[in-house]
Structures are given as structure tokens and as C-alpha cells.
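Each chain carries a letter (A, B, C and D) given by its place in the written order, and its residues are counted from 1.
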């Protein structure tokens, strides 16, 4: 199983958690050439197989598109890979509990250990700051770079009226972060509901964020999730292949 | 696979997304005769097969009912097909996140790119404006026409105390719109919850709506959802047929 | 398929909709002897098969218990069958969206056509009105009669801190009502959330309730749900039997 | 089927109810040696099989770790087994409806008969009371003992920014309590939503708690849930084994 198989699995894992629906994508930087990345052609995540993965340069031009249509928003990936040498994987999604935070003035905050990375900062990208009101998606290198600039050194950025973009140094970690961004956003919405107007919610403080994320990174405790979800996705892919062989 | 097979698949797709439950229906205008349409007999969406699809004239009289019972609310479809020559497909549903907006004074508004079409207008049909308080369903040509008039040129209308009706130029698009009407309504409810009483929620503005819908229509990016959901529904139908042949 | 098979199916249908979980039960009056009823022994709904159904008199004494344990709360059924000759089926459940209405002063109200029967009245049973604070369940004929008295001529009653009880003239209708009681309660909670503190929610008025329920009863449009859910439950039961025969 | 098989089943039951996701664990005290307990190695609950269960002393040192990694938070279990001789089973989870109560000042309260045990007291463990702000998990005997002290004689404790810990005299009961802690927390959140700011919610009073829990313990009515969930988990495990044998 190589890095392309892992990318296919990532599409399934994200879909299984509702972090992507018919839209959304995940990419990986080429292991032996940091100026290239891989992502699927324009296809719903659950339909992606190995044959649907294509190679791109960092200007998001396909090396060989074989006549297929590509994601209009692939510039999200290319421009972030340019600006963030530490990032080897990028997810763009329409994560349902995350979107509401992108359209309000209530910031997403770290509330639980598995979402501690939110405390590293999750800025909101307001597309109106970079173009007159128009199509809300990221369909040009210019907008991709603008998003990468707003993202800065953060693990994720919300996109107003649209969704979120998450980065990490590996495909497994970018999936784990995407899933717990959704989980934590839902928990925060529920805490706000319980606390009531003006009620107090206790978030992780900076030292808690630093120590918790530090331990998660050092001991890779986040791998426990990936191991489970990967096993389920592999079983699903094998069942589909068995059906096709009949 | 012809337009009738596509209509059967649409019933499955809508049920799989919870946009219809035991009730709700989808119709298609006859491709070579704009004065006729097809819809299932009175049956729960998940049970509809090719044999359950019947032909109607625009007065919603079955061409040959073969002794079967028809939807009491079929006038929704016939009257809209009369008033809206651009509409070739109509969905009537009890979409669970949409109904609450129909009974409050809070308008459904465009919040996310996939629901941008909401910005084209989603009026609410108040049946009390057209009859003394009585049965809440659309069981006559008169009420069907009243609904069509309130709908006007919009892609959808809410029906107070009842559900929603969605139209489009094709069966795939009417399903995509019905599903993202539900998705967007849920997102708006969550945004309102997070923002709190009097809190600000940022919606797509008119230029964003126009540009986003324009691109979705021109590039048919909405087809990505249909391709996925259609594939799943076809697999489900084939599995059922395989079971029946045993 | 006789009335006992139908009762087994009802257990499955209610569990499939989350209206009952590990607890909750449904009973049917004996067709040819109104002084008897049938209900399962003390067992989780999803595990109930034909062999688990027992006959009781209206004092809720098993005719032949075969040494099995019976529901402590069976008096709910017997006492209602005594007081309501029109009722031939009773459901007791812990329906998750309904329970919150039983512990607040916000009444459940008719909001949507499928839940129009709520407008016939859904009183709340406060067990503290009938005993000093104690065990919250209905474990005696006295408490069963008290519940039946509060229920009166209504289709359902909420039970504070506990759940709900629903009645109807048949097993299919009591299931349909139980499911749409849950659906409607959830819709009302969402409408309240959207409308905000002091916001307006439009409910069905008395004439709408009367006309809508009248048509549902006269045309039995509620059977469309039962037909679907029954088909699914039968398929599930057959699949289980096939597995057991292997 | 011995106590280790029962522990494996408990992992499945908790995962099936969403009470644990990729994280969370359940332990059991050794039946014939109260100074020992069993828990899985560091693994996601749904992947745990009999081979993954290890024996520990009450200082949470593995008797024979066979070179495997263990849960960093196993001290939760060992320290509670030391302080609570009545407890023979412990669950630590990230139960999604429970976490929000741990980060607000709104106490979890007994609202429904199946959650009556909440009335015995569910204190919140604030880790900042025992260490300067840092990693939010329980990764030392010191923190494990601190949690056990806050828990005291209660059936469960919330952990701010983290999750909950639940105890009982047996594995079946600790699962039942974990599941209804989640169910009841969700019901309370919904009741608060319906009641609105300052609105009244009626909880079980002390006598209701005492009588309801007393009956549940005396008649073991809580076993009905376990019987169902255990049957489903066993069927799932058998299906997996059958697949592996192919």
C-alpha cells in the first residue's frame, strides 16, 4: 500500500464521518518531489478509486489530465503547498458543524482534548476581502493564495459561507484534524446552547493547548483514530472490489 | 435507462437523504409532450418501482390509472407544470429542517455555496390565505394553482405547517436542490443557535448568489452530487432485484 | 399473517424509528374478546418474536405466564383498555424528542399535517399528583388507572420524567401516531430554536386539526407509512429467520 | 463465555452507542483477585478482541505487556479500583452529549427514569485544581487518584474539557449507566432549549431518585438493555469471525 492508496482511503474516511459529502477533497504532496501533489479528479469522495488520482504541479496544473475534469478549487491545495512547506496534506470540506461558525462572529475555540489543536488558531477567510462579491468558491490561484495567507501557520481556516480547509504534515493527521474539527464544533454549539445567552463556557487555555497538542504530536496518540478508520475503509473497498469481480 | 428509470431513482435518492419519509413525491414532465407528466401512484418513496409510475395530463388526471389510488396532492405538480414552462421536475416533501422555517417568521436565507439558489427567493405559502382554515394539504386544482402563484419564478416555496415544494429544469437538479435546501436550513438553524438572540449571521449577498448560481448552472457542478447518489440508488435497486430473483 | 404477527412487526417498526429503545412496549386488544389483550414478556423490542407474545386479562394478569417475567408497567395497557373501549392498541415509549416536552411547561402543539392529531389534545401525566414522590414508573393498577384518567379521550399523554403513552383503534395507527409524535416534537423544538425567545410559531388551528385528522381517518392516508415500515420489518424478520436456518 | 469475553463485548456495545469513538476504554476487576484488573491495550474500542485484553495491578502496571503500548490514561481505572471496593467496572469516555455539561456551570440532573442514577451525584473534575494548566488527560497515578477523590461515592464524574468516567459493580451495569448518561444529557439539553432562558425544567426529586434507582437495582430492570446490546455485539463479532475464516 503506497501513498496513493492512502489518499484513496482518506477520501473514504472523510466521507464516512460526514466531513465531506458529495463535495470536498483531500490532497497529498508527492513524497519525493515537494513541487508536486496528488488529488482526485472532479468526483464525489465516495466514488474515488486509485484510477481517479492525478498529479499536479504547485500551480495546480495537471501533469497529464487524460481528458478528465479537475476540481475548480484545486488552487486551495497548490497555493497552500507553496506557502506551507511543513504541510504535506490538505483537506477542503463542507463540514456541517463547522460552517455555522464561519458565518457568525462566535469564534471556534478549543473545548476538548481531541480538538486541542483549535487553540493553535483557526482564522476565518472572508472572500469579500479579496474580491467584490461574487462566486463564493476558490477558483483561481489568486484566491488560493489569499486563503493560504489568511491560514498562515494555523492548522485550519474557516471559509465564510462555504466550509473549511485543514492542513497537516501527513494524510492521517489531516483526516484526524478534520474529523475532530467537526466533533469539537458540534460540542461547542451544544455547550453554548446549554450555557444560554451570556452563560460561561470553559475552554482550554493556552498552556493546556500547548501541552495537549505537544503530547499528541510526540506520542502520536492521534494515530488510534486513523488505525480504526483506515481498517474500516479498507474493508469497505475490499467488499466493493469483491462485488465487482463477481 | 430512460426518464422513467431516472424518476424511480429520484424517489430513492430523496428517501436516502431523509428529504422524503413515507410521504413526498417527485414528478417529471414528459420529454416529448409538455402537456403530460409522470409521477408514482400513492406509495411511499422507497417502495416505488418502474411499474408504479403513471402518466397524467396537466389537470392531474391519470391517462390510465389501472384502478390504482393516486396522490391526493398531485395538483401541486400539474398546476406548477402549467405555470412554469421552464420547470420539468417538481418535488413535494416534508423536509425536516425546512418545515420549522415555514412556521416561523424567520426567512430561509442563502448561507452556503451549495444552497446559493435560496437567494433566488423561497416564498412561504400560507394556505389560510386561500381557504378558511381546513385540511392543510393541497388536494384541489385551485390550491395547486394558488401554490404555483406564490411560487412564481422561485426555485422553491415553503408550505406553512406542511413542507416544501421545489422545482427545476431536470430531475437531477430538483433532487440536488431539495437535498441542499434541507442541508442549508439545518446550517441556518445552527448558525442562529450559535449567534444567539440578536447575534449576527452573514448570508450570501445578491451578487454572491447570482455569481455562484450562475457558475453552478453554467458548469453543472451540481451534477457531482447526482452522480454519487444515483450510483448508490442504482446499486440498491440492483441488490433488491437480485434478492427477488432468488 | 394474523394479529400476533402484526404485533411483532409493530415492535420492530417502533424500534427502527427510535421511538422505543431497549424499553417500551406495544399491545393489542384481542380481536374476538375485548376483555383480553396481548403484549410481549419483559424483553427489549428488537428481540421480540411470536413466541414472546402473551395473553392478559384487563387486570393485566397473564393467562399463562409459562414462568416468564412480564413488564412491570403492563398496567398502562390493561387500565387504558378498560377505560377506552375505542382503543385497540397502546404504545408506551421513551420517545427522545417527546420526553423534553413532558418536563417543561411548553405544551406539545400541532405543527404539521402528519402530527395534526396532537391538536386533539396531549395532556401531561404528573405522577406526583397520584403518589408521594417515589418510583417514577407505572407499576400498579392504581397508577395505570390514574394515567388512563389523565389520558381521557386523547390520542396520547406525556408522562413527566418518563415518556409517553399513545393509543389508537389499531396497531398500524398507534405506530404511525407514535412515530409522528416524535417527528412533530422534534420539529417543534427546532421551530422554537429558530423563532428565539418570544418568537412566533404558527401552529395548526382547531379547524385545521379537525379537517386534517378527519381526512386522514376517512381516507386512511396514514396507511402509506405503515405499508412501508411493515415491508421493511418483514424483510428484516425474514433475513433473521434465514440466518437461523443455516 | 467468561469475564474477558464480556469485557470485549462491552467495548463493542459502548462503540455501537457512540459513547466511545476511537478513544475511550472499559475495565473489569479480576473476579478472584480484587488487586488486579483487565483492560485492552492502546486500541480503538471497535478493534478490541480477546487477544488485546491485558492484566494490570492496581498501580496500573501490566503484569505482562508483551511489548504492546498501553492506554496512557489507565490510571483512571487502577486508582478508582483502589478507592472504590464496590466498583468492579470502570468506563472512561468522550460521550458527546455529556462533554458540554462538563464545560458549563449547568449541572447534569436526573430528568428521566433510565437516568435516575444521575441524582446520586455526578461531580465535575476540574484538572486545574490539581496541576498548573497542562495536558488535559489523566496520565499519572496522582491525577488518577485526584479523579477518584472527586468521584467519591458517585456513579460517575464529568471531566472538564475531556469526557466522563462511570463506575458500577459490574460490566453490564457500567455500560448501561454510560449509555443512559449520554441519553439523559441529550434530553436535558433539549429540555433547556425548549424551556428557553429562565424556563422551568422539572427534574426527579431525591425521593424519586432513591425509589427509582432502588427498584432498578433490586429488580435489575437495567438488564433488559444489556441483553439486547450484548446480543447485537455477539452477532457482530461472530460475523467478523466468519469473514476471517473464509
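Here, a residue touches a chain if its C-beta (ideal position, glycine included) is under 8 Å from a C-beta of that chain, and two chains touch if they have at least 3 such contacts.
Since the structure is predicted, the reported quantities are computational estimates derived from the model, not experimental observations.
> Give the chains in contact with both chain C and chain D, ordered by label.
Common neighbours, chain C/chain D: none found.
> Return the chain whose centre of C-alpha atoms lies at maximal distance from the corresponding centre of chain B.
D
> Same or different interface residues for chain A and chain D, judged by whether over half of the residue numbers are used by both?
Copies use mostly different positions to touch.
> Hey, how far is the Cα centre of chain B from the one of chain D, in Å?
44
> I'd like the Å distance between the centres of chain A and chain B, where a centre is the mean of that chain's Cα atoms.
Here the centre of chain B sits 31 Å away from the centre of chain A.
> Can you pull out the residues of chain D that are in contact with at least two other chains?
In chain D, 193, 197 touch at least two other chains.
> Under the definition above, what is the set of chain D residues touching chain C in their complex?
Contact set of chain D toward chain C: 111-114, 116, 183, 186-187, 190-191, 193-197, 199-208, 211-212, 214-215, 219, 221, 224-225, 227-229, 231.
> Provide the residue numbers of chain C that touch chain D in the complex, in ascending order.
Those residues of chain C that touch chain D are 21-23, 42-44, 46-47, 72, 94, 96-97, 99-101, 103-106, 132-137, 139, 160-163, 188-189, 192-193, 197.
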